[in-house]
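Quick one: structure below, then a few questions.
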Amino acid sequence: MTGDRSGAPAPPPGGTGNGPAVSRQEFDALFDRVRTWGRWTPADRGAWNRVTPEHVRRATALVRSGTAVPLGRAWNTTPGPDNSRPALHYMSDLGDLEPPEPATHKDFIAVDYHGKAVSHLDALSHAAYRGQLYDGRAARECIDAGGARFGAVSALGPLVTKGVLLDLPAVLGCDWLEPGRAVHAEDLVSAERALGVTIGEGDAVLLRSGSVRRRREVGVWDPGTASAGCHVDAVPLLAERGIALLGGDGDSDVRPSPVDGVHSPVHALALVAMGVPLLDNLDLEALSVAAAETGRYAFLLVVAPLDIPGGTGSPVDPVAVL
Amino acid sequence: MTGDRSGAPAPPPGGTGNGPAVSRQEFDALFDRVRTWGRWTPADRGAWNRVTPEHVRRATALVRSGTAVPLGRAWNTTPGPDNSRPALHYMSDLGDLEPPEPATHKDFIAVDYHGKAVSHLDALSHAAYRGQLYDGRAARECIDAGGARFGAVSALGPLVTKGVLLDLPAVLGCDWLEPGRAVHAEDLVSAERALGVTIGEGDAVLLRSGSVRRRREVGVWDPGTASAGCHVDAVPLLAERGIALLGGDGDSDVRPSPVDGVHSPVHALALVAMGVPLLDNLDLEALSVAAAETGRYAFLLVVAPLDIPGGTGSPVDPVAVL
Amino acid sequence: MTGDRSGAPAPPPGGTGNGPAVSRQEFDALFDRVRTWGRWTPADRGAWNRVTPEHVRRATALVRSGTAVPLGRAWNTTPGPDNSRPALHYMSDLGDLEPPEPATHKDFIAVDYHGKAVSHLDALSHAAYRGQLYDGRAARECIDAGGARFGAVSALGPLVTKGVLLDLPAVLGCDWLEPGRAVHAEDLVSAERALGVTIGEGDAVLLRSGSVRRRREVGVWDPGTASAGCHVDAVPLLAERGIALLGGDGDSDVRPSPVDGVHSPVHALALVAMGVPLLDNLDLEALSVAAAETGRYAFLLVVAPLDIPGGTGSPVDPVAVL
Amino acid sequence: MTGDRSGAPAPPPGGTGNGPAVSRQEFDALFDRVRTWGRWTPADRGAWNRVTPEHVRRATALVRSGTAVPLGRAWNTTPGPDNSRPALHYMSDLGDLEPPEPATHKDFIAVDYHGKAVSHLDALSHAAYRGQLYDGRAARECIDAGGARFGAVSALGPLVTKGVLLDLPAVLGCDWLEPGRAVHAEDLVSAERALGVTIGEGDAVLLRSGSVRRRREVGVWDPGTASAGCHVDAVPLLAERGIALLGGDGDSDVRPSPVDGVHSPVHALALVAMGVPLLDNLDLEALSVAAAETGRYAFLLVVAPLDIPGGTGSPVDPVAVL
């Protein structure tokens, strides 16, 4: 990413490398380093325990313009390379089933929301590493066909905290990060400096790669094959800062994974080691515009998952209030 | 409802009457009186257009303790008298479908959310009166099997505003309103006075009848047959105040309906005449406790519906921040 | 069941006893006695391997009147004591989505079909006893969130064979068997004699208890608590005869179970020990009438499950041709 | 299709033309010509009323080898050009929800079965032409969000009749008909002659184009854009013969449609004018092999739709018995 004294053309700011490669041993050391097991009660609220009422008050005090920006993508019922399990939407009453007056119109929705198409929250039960969920719980004992008995989304409740938008294309002066471009700790630090924000304890970090804009302008691709996202070397910084939530317009992991034998290493570190829920597949385009206009990259963020007992997450449409 | 000089015991404060009866002609006059058609652009955001950035700022400034209280009920997959179309929740991956590491757990959810069991937002397309949606649009031209082209939930976006809890059992000194008990304008005014709040323009009014507590303590019943809620005579007051949202732990309508030939008159008035979305089937028990403890019945409210194009509403789990 | 010389009133012919009680040790001995593991290739077609082309030919030769009788119940979207997971049926196109001509009407169906409400076929993967599926396969290795790799309904294909209706109320001279009434080997033998049929190798045995008639006339109850069905002492006879399929208007098990610690002992014996698929929750009322009219209790039976890879069964609407 | 005296190479036998073009006026005349409205009671069993018990007896008498061949495709949960609304299949119990013994494994299935991916039966309510269903019923009065009150699949019941396989690639000496190739009356007559069968009253005609083989060997395509199927000029022959059912490995219509302004003209003629249900998207490969081996292209066919009240059809897995 740095300049080049040799005179050779600089790589494009949106970059493409997903490296450096990380061995399984290095990854496991990293996992142990950022682990927060045993720290909180209730354990399955994980890092959301960091968000104290004092933190909520300070987050609401960030509001200046009073603009509320939704961060969720539209419900997508059309299959595609990034939507292998399309959501369903059927009308269950067109005003012709129940007697009027009034006539009522109703609908049925269904979704297998994990994946790359639906804006959703990953609860701590979504991932296990070496057979263990967050806090060292045995996945096999906690999860069955009825759902998760530990780490369910119902254990999280709503999150009201300070959100920080790290708008990387804005910082790097490009339209979007190319799929496969890793985001490193130094990118996060540069972004903080350039955007005038500081990631602090209990904050929600939202990473914009510009993937939604790229999809609209270039066309759809399979983000499971290539997507911009965090390299694991960015995670210790996030751990030190004590974040409560990590999210973005991808699923936080750079793909292909740079870690040998671990397809979603940031998921493993955030959800399993650190107890940090993830917010996947947001649409941060409107927020990017609003933040640029106001010059404010820190704001009040509200995430309100559905209260699904046993659920491993929830579709959500988070709200940023600037 | 009135006192009794004869010495006979006074009726319980939670009452039971759903009257007075209202003729269809009287109802239609009321409909015309509170109608706001033609007032806003976009029309299908209806009364949410009242919530300006200034209003958002003032709402966030209400936060004192920093306590965030979820207002949604748990996802309910069990049929019952109040749940004739139970929600679905299936695990789609138990860590055995995609290769580890990490193992991932996933689920599928489905719901026909209108009814009496799911906390949900009614968008303006949910109801039509005399063939018309809000703003006078012909329901037949706006709604088909693909959903609503006018008044969809996707036209609403998120709501961030001042919420006002009218905790009627707290005011009346009872555990809950009996099913079938109508709430009148004078009840709302008494509640404002007793709780130290004022319903203003752009506010979200949440009516607590105590039905969730009653369900827990007495057992389940069919709220389609009998439920506490607003009599239509309470609506002009809400219209004058210029509310943005009406919600509660029922569906806002007293049942049986006091209006001849109109099964859900408050739905017709709020959604169709006034453009006021409704928030049905909340769980306001925790909010009631928190409000009583702090003595604050006005707070920051955030409602974040899923962005379902064509949807007539959305399951939601609104958040009150005190 | 037999008469009484003492002059005391005879018990009603529909009886009610689910006994005699059977110990777990006796049950395990019975399991070993009727076990057919290792006998067939492919193993997961189980007893359907008994139905040879010769058998098919003889079954089609049974047809006399040419009357085709459906044996399935109607799709039931209404919750009830016997329908805790109601089926779904939504219109996905009302002629308003795709451009005419012609206009097309479409629908979406969904069902969690095991249980007491849906006529369905149990494939061999539906049940495991002591951790093992039919043929001794370890359930844990064969079944995961993606479905069954052994014993799936797709391994069965269609069944065309001789069906035998054992119409017990017709034999006993009652309207129906009372819920909880066990059917014993001697009941089967009496029925064969009275109805002029013989259960032979490769046959499908359909037991009518009259439960559908009882439901219609008396009202609905929870068949999980009490239902007429086979006592395990009827199973050795069925094993000796070499049946291919066992079905009925219940789920073949008498409930409450007479076997200590085994809630569905006939399921365990048929599916796991004998490799005999089960046909649950049929409606045999029309077949009962047609059989009585013609005096023919043996007929051509066709069961055509959906070809669901990994499925543990399928909703079906079997056809009897008399 | 005909020879060429000029010496130019003959067109491939699988052909490609969808013509000749047909005007809307010609189509409407054809519609009136083949119309059977008012002929049957119950009307919405349509041409299935032609299948008398005598016909059933003769069909069962066709069985020679006793081979039962399933004609349905596998449940397809993967999106693709021919599968825009993939079916769902989730395990609802992995032996971990209900207490053993036995352990039980259960699943949930869902499907919007009309389209190009699911083997299914079209009931008469599936299509309307000029606002009318079969028998002249007004579609608008018969069909609403609750389903079809006329022409539902539940009105059909099972079909047991003589099936006739018109294996066109076998007749033409090619592997498959190219997508877009129209099948004409003379193709049907040639096929009858070549295969030694005669289409008679009450028969089910199954047209094999070889599309399933082509999909396997060449790859998937969108059959909505191009598929082999009947030209409307083949329909009068089928009408004269008095068939009960028309089906195939496509959806019976050649696409693109040769009829101006009518996208599915064979659907309109069969379902709406003639009352002939359709059987779409079969897999006739195994039947083709079995028929070639035995030289028998007429057989016993059983179609057993699910009994869905109000349903416009049903997924099915029909069975041919040779």
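Note that the chains are named A, B, C and D in the order they appear, and that numbering of residues resets to 1 at the start of each chain.
Simple rule for what comes next: contacts are C-beta pairs under 8 Å (C-beta built on N, C-alpha and C of every residue); 3 or more make two chains touch, one makes a residue touch a chain.
As the structure is a prediction and not an experimental result, all values here were calculated from the model.
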Length of the shortest touching-chain route, chain A through to chain C: 1
Pair joined by the larger number of C-beta contacts - A-D, B-D: A-D
Centre-of-Cα separation between chain D and chain B, whole angstrom: 49
Chain C and chain D: spacing of chain centres that average the CA atoms, whole Å: 30
Of all residues in chain C, the ones touching two or more other chains: 85, 88, 90-94, 108, 110, 112, 144-146
Touch-based graph of the chains, sorted into line, ring, star, complete or other: complete
For the chain C and chain D complex, residues of the former touching the latter: 52-57, 60-61, 63-68, 70, 72-75, 85, 88-95, 98-114, 125-131, 139, 143-148, 154, 157-160, 261-264, 267-268, 271-272, 300, 302, 304-313, 315-319, 321
List of chain C residues in touch with chain B within their complex: 78-80, 83-86, 88, 91-94, 96-97, 110, 112, 144-146
In the complex, chain B residues that touch chain D: 88, 90-92, 94, 108, 145
